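Heads up, there are several structures right after this.
Both of the next two complexes hold chain A, though its partner changes from chain B to chain C.
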Partner chain A sequence: MSLGPAARVLRLIIASTTVFRKTADARYRNVSGEGIVVRQAAGEVLVLSEVGARVLDLIQSGAPVGRLFTELAAEYDIERAILERDVMDYLQELLEAGIIESAAS
Partner chain B sequence: MSFGEAFLNSPDLFPARQTGETWGDERVVICFAGNDYICCGLSATQAAAVRERFAELCVPSPGERRPAVEIRIFRAADEDFIEDERVWEFDFDLDYAPEAVSFAGFRFMGRLDWAPRLQAALWSSEDGRLVSHAIFENVLRVVVAYHLLEQGGVLLHSAALGDEGGAHVFFGPSGAGKSTISRLGFETGRAVLSDDMNALRPMADGVVVEKLPFAGDFGHTIKSAGVQFLVRDLYLLEKGSVPAVRSLRPAQAVAALLGCAPFVNRNPYRFDELVQKLQELNAQLPVRVLTFAPDTCPWDLLRGF
Partner chain C sequence: MKFNDTLARTWRENILFSVLVELTYRCNLNCFFCYNDTALNGVPLATEQYFRFFEDLRDLGTLDLTLSGGEPMAHPEFFTLGRKARELGFLVRVKTNGHALRGKLLQRMREEVDPFILEISLHGASSETHDRQTRVPGSFARLMANLREAQALGLRLKLNAPLTVWNEREIGAMYALADALDVPLLVDPQITGRDDGDLEPLQISPSREGVTRLFELQRQRAAAIHGNRESPADDVVGDADETAPVAGAKHCGAGSSTIVVDPYGNVYPCVQWRRRVGNLHEQSIQTLWNHSGELAEVRRIAVEVKEAVDRHNTPGFAFCPGSAEHETGSPTRLYPIARLMLELRQKIPAA
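Take a look at the complex of A and B:
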């Protein structure tokens, strides 16, 4: 049984030094604090929450994952361990959706 | 499949510039939404078909102060296009570049360049079927979408209904209920500009919606050209069992509008510009969601707004 693309993405090891970038297929814009993402090939429009938009803003600035945690921890009153877990889950979702990719790829 | 592979024998030989042998010397000028579309290089057969199709929208010559786009019609050889068991196909491919958009479909290919000015070219092997089989109209829709964007407006998959108070515009994807609400509006005495596509343009005193020659299942009830209404409100249509109206956050509204702005919404080079225009539109006319059931009257619900 071969692994599908989603399963291969899940295997990406995310370290605090990992840097992501938006994929060429995805277009993103912050609208009043929330995010709009268009996946061009699929013709799909997604709305990201305020936190999701902030994550993508930071990714676009070239921030490694570790700085995502630090910046968001300063902006949101949430326990660090929970924040890191939630951000990691969210990054996996963005990877699976084809919105971000490793900048090293 | 890559761009054009379903339609063209040699997609890599797609025209890089707007040149070729025209079908003839005929010219037809079509005027709508305050703009002229100058179609030239037509054969006599094609020109007659365009005049018949666009009838009251055809004018003798371009207006001096009206923005205009030229669409030139060139010949293409039968051998340029794939011959297979398909009788016809109305879908077509679009391909995007920083300064142009290309299209390839059944028996035609075209390009719209916006530098140094907006100008289109259409190559087809069809003389008699250029209009009857929607080749010309498909290209015209793409041209209109980009022309409107240049003017700060947007082509929107929508139904627009007008009365003495202005127009209600209802947008949504196929199946959202645009034709149904058009019929319901017509039955209550409202004029239907179109139940499929409308042009929204910002003007000094607000956003106006103008009749376009593109209609869906219901069609349009306004026959004369140049009719425009000030838009009173903008609704995203949603089917449901409980009639309701609710607001949307700006990002949700812009995302919904983006999904209904055909031909431009998948162009990565015009994304920022289109989103900016839609943000401005939503700021002027905040989008609300109208949930309605086909057996209820939405006008009772809208009367309070």
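Take a look at the complex of A and C:
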């Protein structure tokens, strides 16, 4: 997926020290490896993959983005640069979907 | 991945996904057909016990938590428990008669509990019929005003209506009322006996004509919805309704992905199936969920029930093993209203 200029700027703002949190509107559970997210106001149910659920679990534990990379790199056999790119893309999707927000906000 | 696939997995792998908590049997209405065993004795669960229970449920992966009763808002700690449920990240539903849902209490519901949905009981399209079933004069008018106030606050609503011989002629008008409010209406054609064994409520079970009228109306509405998206659907998006058909070996999620807890900590497979499988005063929910012999038996029966229901080869035939056991002594035997619904469903297929 190719990112436009605005998205590239957003990517630069997400640093390894950035901490996200789940939004109040999103209700989430890891159901035996699958992530179930309900966006309450919209009445939408989303099913996350095992990796997606793991990302959200780590976010809920308060892990900064850098630790997301480290933990996932230890769990999945994937080149670090690819992993970081994919995680950043995923964080972008979660942000746009209103499932996570910056913990600083 | 689809949500229905996940739901099927919770049934198959016994993952506790959905819990209904009857906080109290106290109520500010007096519905004739109420199934609660109001004479049941026991030690009510304390607030701290509820807190631990909710935390345990969160750790087990439960997402869907329904606060019910009696009338849940009649519990003195309703808002404390509702806030806790919200803080622990549950998708909170509240099943209420809506009678107290106004003014400051409604504001508190919005701000402190922030429920995903309020499921509110409707018994007729007129005060004459609705008040006859609730046995509280003025309850219909008050409910209509409260519904409008709740909508103005942005709360998501759903109306639940048990079909009875008293309201079956008003079903069309009830759907029209719900449409005018832009609120989904779910009509249940099964009246159940009281949990103490008293079958008196069955006296107002709907007639053959009433159930026929309902099935035909539902088929017309479904056809209209498929062709024209203006009418609210009879169910809400994201409703983890445990009776929704899910492919698999079990008839339903009772005891496999859902439980009910009464005010005294007794645990049951579901609202209708009052076969006690444990008590929270004696065991944690983790221990009970993973080691209860009674729950294992319920899960085995759910497979047997599916085989029995499938033999009728009638899609959309709603059969409740709890009602079956309550009325016939066996969870697989056809009980009177089930027999009627089977016959009518074979003539009027589900949409």
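By definition in this document, the second predicted complex is superposed on the first by the 93 of 105 C-alpha atoms of A that agree within 3 Å, B and C clash if a C-alpha of one lies under 4 Å from a C-alpha of the other, contacts with A are read in each partner's own complex, and residues count from 1 in each chain.
Throughout what follows, a contact is a pair of C-beta atoms (placed from the backbone, for glycine too) under 8 Å apart; a residue touches a chain by one contact, two chains touch by 3 or more.
Given the structure is predicted, the values throughout are model-derived calculations rather than measurements.
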Three-chain arrangement built on chain A, chain B and chain C clash or fit: clash
Partner chain in contact with A:96 - chain B first, chain C second, else both or neither: neither
Contacts of A:57 with chain B and chain C, given as first, second, both or neither: neither
Touched partner set for A:45, first chain B, second chain C, both or neither: both
Partner chain in contact with A:29 - chain B first, chain C second, else both or neither: both
Touched partner set for A:71, first chain B, second chain C, both or neither: neither
Where chain A meets both chain C and chain B, residue numbers: 27, 29, 31-32, 34, 36, 38, 40, 43, 45, 47
Residue ranges of chain A in contact with chain B within the complex: 27, 29, 31-36, 38, 40, 43, 45-48
Interfacial residue positions of chain A with respect to chain C in the complex: 22, 24, 27-32, 34, 36, 38, 40, 43-45, 47, 49
Chain A-touching residues of chain B, taken from the complex the two chains share: 249-252, 254-255, 258-259, 265-266, 268, 271-272, 275, 279
Interfacial residue positions of chain C with respect to chain A in the complex: 1-3, 5-6, 9-10, 13, 15, 17, 58, 61-63, 89-91, 114, 116, 156, 236-238
